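First the structure, in the form of structure tokens, and then the observations on it.
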Amino acid sequence: MNVLLHQVLSGLATGGIYASVALALVMIYQATHLVNFAQGELAMFSTYIAWSLMQTGLPYWAAFFITVALAFVIGAVIERVIVQPVENAPILSVVIVFIGLLVILNSLAGWIFSYTIKPFPSPFPAEPLFGNSYMSSHELGSIGVTLVVLALVFGFFRFTPLGLAMRAAAQNPVSSRLVGIRVGWMLALGWGLASAIGAVAGIMVAPAVFLEPNMMSGILLYAFAAALLGGIDSPGGAVLGGFIVGVLENVVGSILGTELKLTVALVLIVGVLVVRPSGLFGKVHVTRV
Amino acid sequence: MASNQKPALSRAQLIGLALVLVGACVLPFVVSNYRVFQFTLTLVYAIALLGLNMLTGYNGQISLGHGAFYAIGAYAAAILMDKFGVPYWLTIPIAGAVCLVVGFLFGLPALRLEGVYLALATFALAVAMPQILKYKGFEHWTGGAQGIVIVKPEPPEWSSLTQDQWLYFVVLVCLVALFVIGWNLLRGRMGRAMVAIRDQPIAAQAMGVNTAMVKSLTFGVSAMYTGIAGALGAIVIQFVAPDSFTVFLSITLVVGVVIGGLASIPGAIYGALFIQFVPNVADQISKAAPWAIWGISLILFMYVMPTGVAGFIRIVAGRLQRWRAR
Amino acid sequence: MKFSPNRRVLAGAVAVALALVAAPSMAQKKYGPGVTDTEIKLGQTMPYSGPASAYGTIGKLHVAYFKMINEAGGINGRKINLISLDDGYSPPKTVEQVRKLVEQDEVLALFQTLGTPGNSAIHKYVNAKKVPHLLLATGATKWADPKNFPWTLGFNLSYQAEGAIYAKYLLKEKPNAKVAILYQNDDYGKDVLKGVKDGLGAAGAKMIVAEATYEVTDPTVDSQILTLQGSGADTFINITTPKFGAQAVRKAFDSGWKPLHIINNVSASVGSVLTPAGLDKSVGLLTLQYYKDPNDPQWKDDPAMLEWRAFMGRYYREGDPKDASNLYAYLTAQTMVHILKQCGNDLTRENVMKQAANIKNLKLPLLLTGMSLNTTPTDFFLVKQGQLAKFTGTQWQGFGAVIGSAE
């Protein structure tokens, strides 16, 4: 029983990682109706920027906020410069551009920063909270950060006019332009925000898994699954999906053994999707003829 | 990207096709064995891409996991040859049949999934495949992480061809046969139903198209094509291992289909040429970050030809015709 | 005037002497493919892209090393031209690239092709084509099979041998150990595991209480560590690659488990594994070594280490001196240069293979003291020795005798 509890809590910790990246995926989907496969690599690259800043002597929080701001700018620039030219192309062509971006970022990171793993500091204390041996302070802290970001995202989309404008621009660009929404800038804003969220996710993840260019590739799959499990247009769903995936993965691994852990976890996730094709909390789209 | 009902080929097109075919037959005698090997692989990828194109280009179902069907076909051929001594040419239709069934069965639950969700389900299949292939329980058949080494087929005495040339022609014959079958399929009722479902699913259903059946069948046929390609690939490379069929293979196939041109049969060949030769070129340009060059080439291709090479050719041909008609 | 008998003898002696001087340079200059008076072509495939791209630095170091050799005049006056191609750790690509190297570039020999799957794919081909397939960068045991594959000769200490050494250590020092094993779910992890199980023999069934695997796509192995800890084991055999090795070391300490922790050679680097994991959390770790760790303070002033650092600074500035792969690559390049030097002017593929199969007591200074490289025509295991070492918190302290004989 003790072991199971341990696994569940550890699953919540890894689930927190998936949740934070899933949030970035949902953000970009809300803004552009596209899933950005390069999100993970952007987050990894942003984390390397943070690391480089800290190497020059900058304290943690200064590097943190500068990186998030830089990530915002980089995300917006990528949208305006690289994605905008293929705006009107078929969806799959845009997906290819994302794949190209993914590969470029991964390759550049390996070339510039080498492949040796680097330890990344955590802002949270090294001693576990209340001396418990189940979850480290960092794991609890990153879950906390994820929940804060979730609240901010939710509030942004629900309660601010800008959030509303962004959702409108993604859903119906033509009508949005007619009411005066600058669709192009909405898209750039969406990318910037998603990139910033990704940077936060990367900075929270790196202390747990060590910083290296392939850090995000495994996480991206689970984050993708988590975002869809929760419903691609629901930020809360994505976070919940992340926790579910994390716990599921660990519990399956400890019960069935690790050799087919990945396979079984994926089968279960896809199974849930078949039963609820829009995810647990996603909006079901009804098309009227 | 609508592909209208294809009329029968015009005379010009038939002549062009014949020339290409003649060129393809002459090729193995004018280049070195190593190049023949590379072109054989290109043909294998072309078959795989045609399969994926049927599903994604003509039927609008996104698959990020076709590498899994390629793997199943490859392993089917390898296990049949290695464990059961089946002759290589017989493994090809068997691998195709296996993948047809598996693809169809996968297509059934996939009916419920649309767009991004289907992409994830297929992606999950591709990610899980290496782990399944390495599973201890199947190790006796699959060779586990070590894989299976296959004996290369010998060309028959009467042909006086080298091994590489013989395999090239075997693959070429398969490709021509599969392309002709595919072309007929896509031109006929099935093809029209597929395209109708892609463009206007509700209208198609209202008109009496059995959407569920067509979509699942398309999945099956698409998997069959890619599985046959996998079997041929295994025979050409003479080796299968889980590392040969990672998720990157599935991504490469999608890249090939889009760059070649969705909903286009010749697109399969353009796409195959891209995924076979561009990585080598990228490697020569930069040792430090070869895949950055590949990524840049992807983005540039999409800027210049968002509808793929086949789409680009169509646009250029259209412009030429209008210019000539002036 | 007639030549006197003495002059005739003298003339004859001079003629014979001239013939003897001329004969070696005429008769012994034999070239195989890829060799000219000024160049020797070698080929390799490396994962410059893909999941194993961390190892691409090995190929880059080789190129840098041969550049240094060439600047000093080359080998017997011939410059080495290493053609290093990317195979992305994908066997079909390895086959394609190796065929290019053999059929198009016509290299003399293959050197340090990396990865078990890729090498498995080309194994039959290179032996059928009779191309020397030397110093493979993988530790699978099947690369030392001169009877069936006379053209393939590996480098690494075999993974199974390493596993067996750990097993023997346990049988001797801790026969009642309850062993938990974490291994990477691929040929490398399974090979070491096999060595451990074979080494433990019948006792293994009782001793091994838990096993867990992970894929390289897994983000962390924390869950696996918890499972292994939950089995009640007091000994942990850690068969991983650097990133996961570091995670395992850290988690095993943080979760309060603290078993007797044996970590495999691939993940034992002070710079790339133990420092990120935490040097304080790595105290007591046990591993097998056969070459000097570049981050180990005990080798700080070692002349061979200083020479290596100078090389890194001058010829391979972008390489990471904390990465043990860069020292490994240096060793293999030195071995290749030795083989080529031994060939003299007979640079046929047959002679290259012959020299590779007859390495006698090659004591490269970056190997641990007391070790040497040896091969014979019936024994293709180049590296047969290792020494167990314990981590003190700052360095790896070798203990016990050098295991395995050089013969």
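Residue numbering begins at 1 within each chain, and the chains themselves are lettered A, B and C in the order written.
Keep this in mind: a residue touches a chain if its C-beta (ideal position, glycine included) is under 8 Å from a C-beta of that chain, and two chains touch if they have at least 3 such contacts.
This is a predicted model, so every value here is computed, not measured.
Engineer: Farthest chain from chain A, going by mean C-alpha coordinates, please.
Structural biologist: Measuring from the centre of chain A, the most distant chain centre belongs to C.
Engineer: Please give the pair of chains with the highest number of C-beta contact pairs.
Structural biologist: Per-pair contact counts point to A-B as the maximum.
Engineer: Nearest whole angstrom, what separates the Cα centre of chain B from the Cα centre of chain C?
Structural biologist: 38
Engineer: Based only on mean CA positions, could you tell me how far chain A sits from chain B in angstrom?
Structural biologist: It comes to 32 Å between the two C-alpha centres.
Engineer: Where does chain B touch two or more other chains at once, residue-wise?
Structural biologist: Residue numbers touching two or more other chains: 127, 131, 134, 290-291.
Engineer: Specify, in ascending order, the residues of chain C that touch 2 or more different other chains.
Structural biologist: 49, 51, 185, 215, 217
Engineer: Could you say which residues in chain A touch two or more other chains, in rising order?
Structural biologist: Correct list: 107, 110, 221, 259, 262.
Engineer: List the residues on chain B that touch chain A in their complex, please.
Structural biologist: On the chain B side, the touching residues are 1, 56, 62, 109, 112-114, 116-117, 119-121, 123-125, 127-128, 131-132, 134-136, 202-203, 206, 251, 254-255, 257-259, 262, 288-292, 294-299, 301-303, 306-308.
Engineer: Can you list the chain C residues touching chain B in their complex?
Structural biologist: Spelled out, the residues of chain C in touch with chain B are 48-51, 60, 84-86, 88-93, 95-96, 99-100, 103-104, 116-117, 120-121, 123-125, 185-187, 190, 215, 217.
Engineer: Enumerate the contact residues on chain A facing chain B in the complex.
Structural biologist: My answer: residues 29, 35, 82, 85-86, 88-90, 92-97, 99-104, 106-108, 110-111, 221, 224-225, 228, 232, 259-260, 262-263, 266-267, 269-270, 273-274, 277-279, 287, 289.
Engineer: Using the touch definition from the top, list the residues of chain B that touch chain C in their complex.
Structural biologist: The contact residues of chain B facing chain C are 32-34, 37-38, 41, 127, 130-131, 134, 144-147, 149, 233, 237-239, 241-244, 246, 248, 279, 283, 287, 290-291.
Engineer: Sort out for me which residues of chain A touch chain C in the complex.
Structural biologist: Touching chain C from chain A are residues 2-3, 6-7, 10-11, 13-14, 17, 107, 110, 114-119, 133, 136, 205, 208-210, 212-215, 217-219, 221-222, 249-250, 253-254, 257-259, 262.
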